[in-house]
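Sharing a structure with you now.
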Amino acid sequence: MKKPSVIGLLASREAFYYLLLALLLAVVFPLVFDAFRLNLVGKYLTYAFVAIGLVLCWGYGGILSLGQGVFFGLGGYCMAMFLKLESSSPEATSNQSTPGIPDFMDWNQVTELPWFWQPFHSFSFTVIAVLAVPAILAFVIGVAMFKRRVGGVYFAIITQAIAAIVTILIIGQQGFTGGANGITDLRTLMGWDIRSNEAKLVLYYLCVALLFVCLLFARRILGSKLGRILVAMRDKEDRVRFSGYDVASFKVFVFCIAAMFAGIGGALFTLQVGFMSPSFVGIVPSIEMVIFCAVGGRLSLLGAVYGALLVNAAKTSFSESFPELWLYAMGALFIGVVLAFPNGLAGLYRRYLMPWERHLRRRPAQRSGVEGEQVVKEETA
Amino acid sequence: MKTRTTLFFSRPRRRLLAGLIALPAVLALSTPLMAAKPATSEVNSTGLAVTDDTVKVGILHSITGTMAISETGSVQAEKLAIEQINAQGGVLGRKIEFIQEDGASDWPTFAEKSRKLLVNDKAAAVFGCWTSASRKAVLPVFEQYNGMLYYPTFYEGLEQSPNVIYTGQEATQQILAGIDWVVREKGAKSFYLLGSDYIWPRTSNKIARKHIEKKGLKVVGEEYYPLGHTQFNSVINKIKLKKPDVIYAIVVGGSNVAFYKQLKAAGIDLTEEKPLLLTISVTEDEILGIGGGNVQGAYASMKYFQSLDNANNDAFVKAFKERWGDDIVIGDVTQAAYLGPWLWKAAVEKAGSFDIDKVRAASPGIELTTAPEGYVRIHENHHLWSKTRIGHAKANGQYEVVYETKELMEPNPFPEGYK
Amino acid sequence: MSPVNDDFILAVEGLTVSFDGFKAVNDLSFYLDPQEIRVIIGPNGAGKTTVLDLICGKTRATNGSIRFRGRELTRMKEHQIVRAGVGRKFQNPSIYEDLTVFENLEISYPSGRSVMGALSFRRDARVRDAVEEVAHTIFLADQLEQRAELLSHGQKQWLEIGMLLIQKPDLLMLDEPVAGMSVSERKKTAELLRVITRNHSVLVIEHDMQFVEDIADRVTVMHQGKVLSEGSLERVKSDPRVIEVYLGH
Amino acid sequence: MFADYSMSELMSIFAMQGFAGLSLFSIFVLMALGLAIIFGQMGVINMAHGEFMILGAYTTWLTAQLFQAYMPALFAGYFFVAMVLAFLVSGALGMLVEWLMIRHLYHRPLDTLLATWGLSLILQQSFRSIFGAREVGVELPSWMLGSVALTDLVEIPINGLFVMVLSLLIALAVYLLMFRSGWGRQVRAVVQNRPMAEAVGIDTSAMDRTTFGLGCGIAGVAGSAFTMIGSTGPTSGQLYIVDTFLVVVFGGAQSLLGTIASAFTISQAQSTMEFFLSGSMAKVLTLLVVVGILMLRPQGLFALKIRR
């Protein structure tokens, strides 16, 4: 056993993949795409945040949440509230019956900024809220469910119901939330016009940078003992419990992390797209987010990023050229990824490309810690 | 060709009414072949997609997703108008080429696609959007890149963008005349307001409530159900208890079907008019899904019905059916969408240029005597002066027009109390 | 806390659990001395496994008390019970098939059990030594980097025993540790158990009488959720009630 | 709240809301029975359940068209034919889907969720391609329209009664089939212990297929019945899925009786709240209460306490 050399090799190999992605996102895409396409890529990347979170909580933790859209939306709404308040200064809204509040509130005869909007005047509060609000909701749901050992299918259905509740609430409380239209017409971030091409480029790079922060953080989690405990939990939950671990708190933890990632994605989405609406919160977008992760490979962090990029790119190009076929393609993708290649792109890569690559390098097979030979197995539940 | 002549010469006497403002446009229209085509550099100083022979415009609606049902009619109408304009020689001697994009019932997609149309395709005008949410999503894009959007849906108002021409009615136009009519003609004293839960029904009901209460009449109930809701028994029970004279219903989409079927099943026969039902959301398009038998007897207040009896409309309905099939029905929004390309053409020709700023400046005052609904004129606030009509739903899915305002209703997107 | 019970490492008193009216364990009491090796035997359905489930918190008691070194277990959560010093091996080998033998043992190593602890856990020399030592004990020193999935059935049983050992529990509970083993594996396991039971109190469920004879200090016979007989194997074997139950089956 | 009404009105309110609740109840039962079999008994999360319902609805619409075109004299009775056809069509598609897809996924319940979601997208687009994006209006024979007036205020819609009777009949049939027939015994045997069932000579894969088909067939009948009260469009099915799953889970997935009890509880709660609150908020509150209770009692209302 020559441990150090093995680890060194793994590190370099994995580093290579990360570097490749960084190169692709930070150099190749900006060179190849025009501002319009690059902005699209930026939007897709915000979904990659959700997908990475899902790798943690679904792929490794075995917790399938069909409510990630809620967290994405919460992060997005927090950011949107800040931007909206900025664009609703008393001067800019002087023609309203109550100047200084967002336009949709004025239309709904709200005459005073609601208390929960007040703190969003502060940017630092907003940044904290983008992380904290999804995390707190995830914590409450997680504690309630996991401490009572609700898991698997039941958890999925309940999170789905929560997505439905939150959507109806946002739409129904339009005086406070902007209703079905969402919070729109966001123009500046602390005086900086976020709609200009330069701003979009900066936001794109911000998005890429934060994506790597999240990727490395997730990698750190999975590389630690916590990652192995997650795998162990998915396999034999009871055994973990009888090894002295409070299983629920681990589940709550990854669920919260996944929620925070989704929240960051949502906030970046708002910044790049310029508005937030309940149509990203509901059941359908939430399930689509799961498929991004599944296509990439539910056990691969990098796969999740590629999955989010590819599915969204396919969606855009399909709906541009064959709108009728899009739903068929998406449906086939769901079925195919489950039936034919449950490990997604990452699995295909490992099965078909790695041996070939190995052959080229004439190196024996190596086990890599994080992006290891994990495969989707039958659930015991 | 036949269509063109019918449309164009249908109302010769109106041309006098059209006045001086429309004259240049009319001249440009009637002499497309004789007039020397203005040079491209003259009519396009801002780099729009205009060549010596063509001009590109965008059509931006949902082809897929939940909204595709509603937006199909608008797409068909816009295409028909473009084809007719091309058959007449186009705009400033240039054929219109349209680029159609799918908003996919997804608001960011609308924003994306509008950016594509304006930035990549340099579309001279965009005809599109249906829901308020999609319009709100594209609005900043149109303002940023200075595009021109022709928006066809009747909507809640509270908006007036220099980059949008609203060819449908805003809420007050639709609502006030309808309520005045039921009060005057049917002696209505109490109203039950009901709607799907989103911005248009809520805002519209607020306007309605204000108007009703100003008249000293009573609103006995007001409530909203989530989009797609299919169980209306409880609210129907409440209606039975409160016994309003008028059910004022702004239910949309699939919920409509459930609502009218359950209303009928619960023994509220709309033809008896006890209570009477007045809606602003059920066009002929919706009746297809609900079934004519279920809405028979309801009243709708909007600016256009397919059964409207005038020569413009006869020609329009005929052309529409020839182009898109005999079974097709045409609702209010479809007609409004049809106006878009025509209003744009008139404005371009009045301005003598495709430049957005010149088209915008030329727009107020543009009138269309050939409109299927009769006559419309663009107001300073970018909405249309138009008449409001009351239709009485018949079993065959058509409305019979029972009333029409004498004067054009002035668009007032920011009614008192909403500013 | 009654002082009487504190002499025992484990005191089970009046333990009852009912599943929809069926009393799987009914008013059960027994006591375990420190360092004692106790074997529970009994026909199928006697409630043996349920007793272990109750002690380790997997099943909640309807009535009664379980005191472990003076601490009431019935109100504690599973992981708290484990941390208090109770280790449990399941009937079917319960190991993490996706992980290596090393990782299996590492997870059971009693440190870094909180979320933050697990995040900051380091695989230092102390952990490595402990793992290697246990691996040696359970005959798996050469398979440390092997995925657990690929082990033989007997090796999996040993691995689970090893996972228990590395926890350093005060009370070991083993549910049929030799079930499904080949003769040679069985011999090795008996040897292994003799080694590891030296410094622990042990509660074992087993059917294999030869094995029971080898290791048991005392035997408790259960029948229909109750204690039928208790004492040395010799005494229990000659108890007419026990004979009746076994022959009656 | 009550002060606005007279005593007799109050009585009527309760009668009418009770009936509204009952008809909601029968709708929930219809929606949930098929899923209770598929999800509760087989453990398959069928997200395409709503689309199987809509398939039944379209079948009904087609039947109505056929009768109108070729047998207008028999139109009054077409609905019964339509329901049988809806059962057969949805059931057959269900069996096909089971064979192509579900049988490979029995051990990965969460993956059935994703795969059936994909199926639902494909079905939606197929509906759109075949029947058009617009909702279709299903015409009812005249005897099904109208209502029976009990008092001035209290009127009972005939189609509501029809749905109610239908749901009771189907519930009864399912009960008899599952608990009183040899076939049902086999199904339950397969659910409880597959290897053992195989060992005693039950063809488990055929059982799976027919069970799944039965569940989908019942969904088809439900869809057929829904044409009387709701809309039939390509995406209408999605509206039902959350409610349906909540009803089944709330009842305790394994228990058919639980499903019925939970349908009753949720429907009565919702219709009562709808009367005192506005529609949207009643819906939110109902969902919240159900989710809240499920968090406190994850096994649902009627789960047995068993040794885990």
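When the chains are written out, they are named A, B, C and D in that same order, and each has its own residue count from 1.
As a convention for this text, a contact is a pair of C-beta atoms (placed from the backbone, for glycine too) under 8 Å apart; a residue touches a chain by one contact, two chains touch by 3 or more.
Only a predicted model underlies this, so the values are computations on that prediction, with no experimental measurement involved.
Taking the mean of each chain's C-alpha atoms as its centre, the chain lying closest to the overall protein C-alpha centroid is A. Relative to subunit B, the chain whose mean Cα position lies farthest away is C. Remark: subunit B and subunit C have CA centroids separated by 76 Å (rounded to whole angstrom). Note: centroid distance subunit A to subunit C, computed from Cα atoms, is 43 Å. Chain centres here are Cα means. That of subunit C falls 48 Å from that of subunit D.
Centres computed as Cα averages put subunit A at a distance of 39 Å from subunit B.
In subunit D, the residues that reach two or more other chains under the touch definition are 128, 280, 283. Looking at subunit B, residues 197, 224, 226 sit in touch with two or more other chains.
Touching of two or more other chains is recorded for residues 58 of subunit C.
On subunit D, the positions that touch subunit A within their shared complex are 43, 45, 47, 101, 104-105, 107-115, 117-122, 124-125, 128-129, 238, 241-242, 245-246, 249, 280-281, 283-284, 287-288, 290-291, 294-296, 298. Interface of subunit A with subunit C (complex): residues 1, 220-221, 224-226, 228-229, 231-232, 234-236, 238-247, 249-250, 253, 374, 377. The touching residues of subunit A, counted against subunit D in their complex, run 64, 66, 144-145, 148-150, 152-154, 156-158, 160-162, 164-165, 168-169, 171-172, 283-284, 287, 290-291, 294, 324, 326-328, 330-339, 342, 376, 378-379, 381. Contact residues on subunit B toward subunit A in their complex (touch as defined above): 63-64, 101-102, 104, 106-109, 111-112, 115-116, 119-120, 131-133, 136-137, 139-140, 144, 158, 197-199, 202-203, 206, 224, 226-227, 417-419.
Those residues of subunit C whose C-beta lies close enough to touch subunit A in the complex are 56, 58, 77-79, 82-83, 87-88, 90, 94-99, 103-104, 106-108, 110, 112-115, 118-121, 123, 145, 160, 163, 167.
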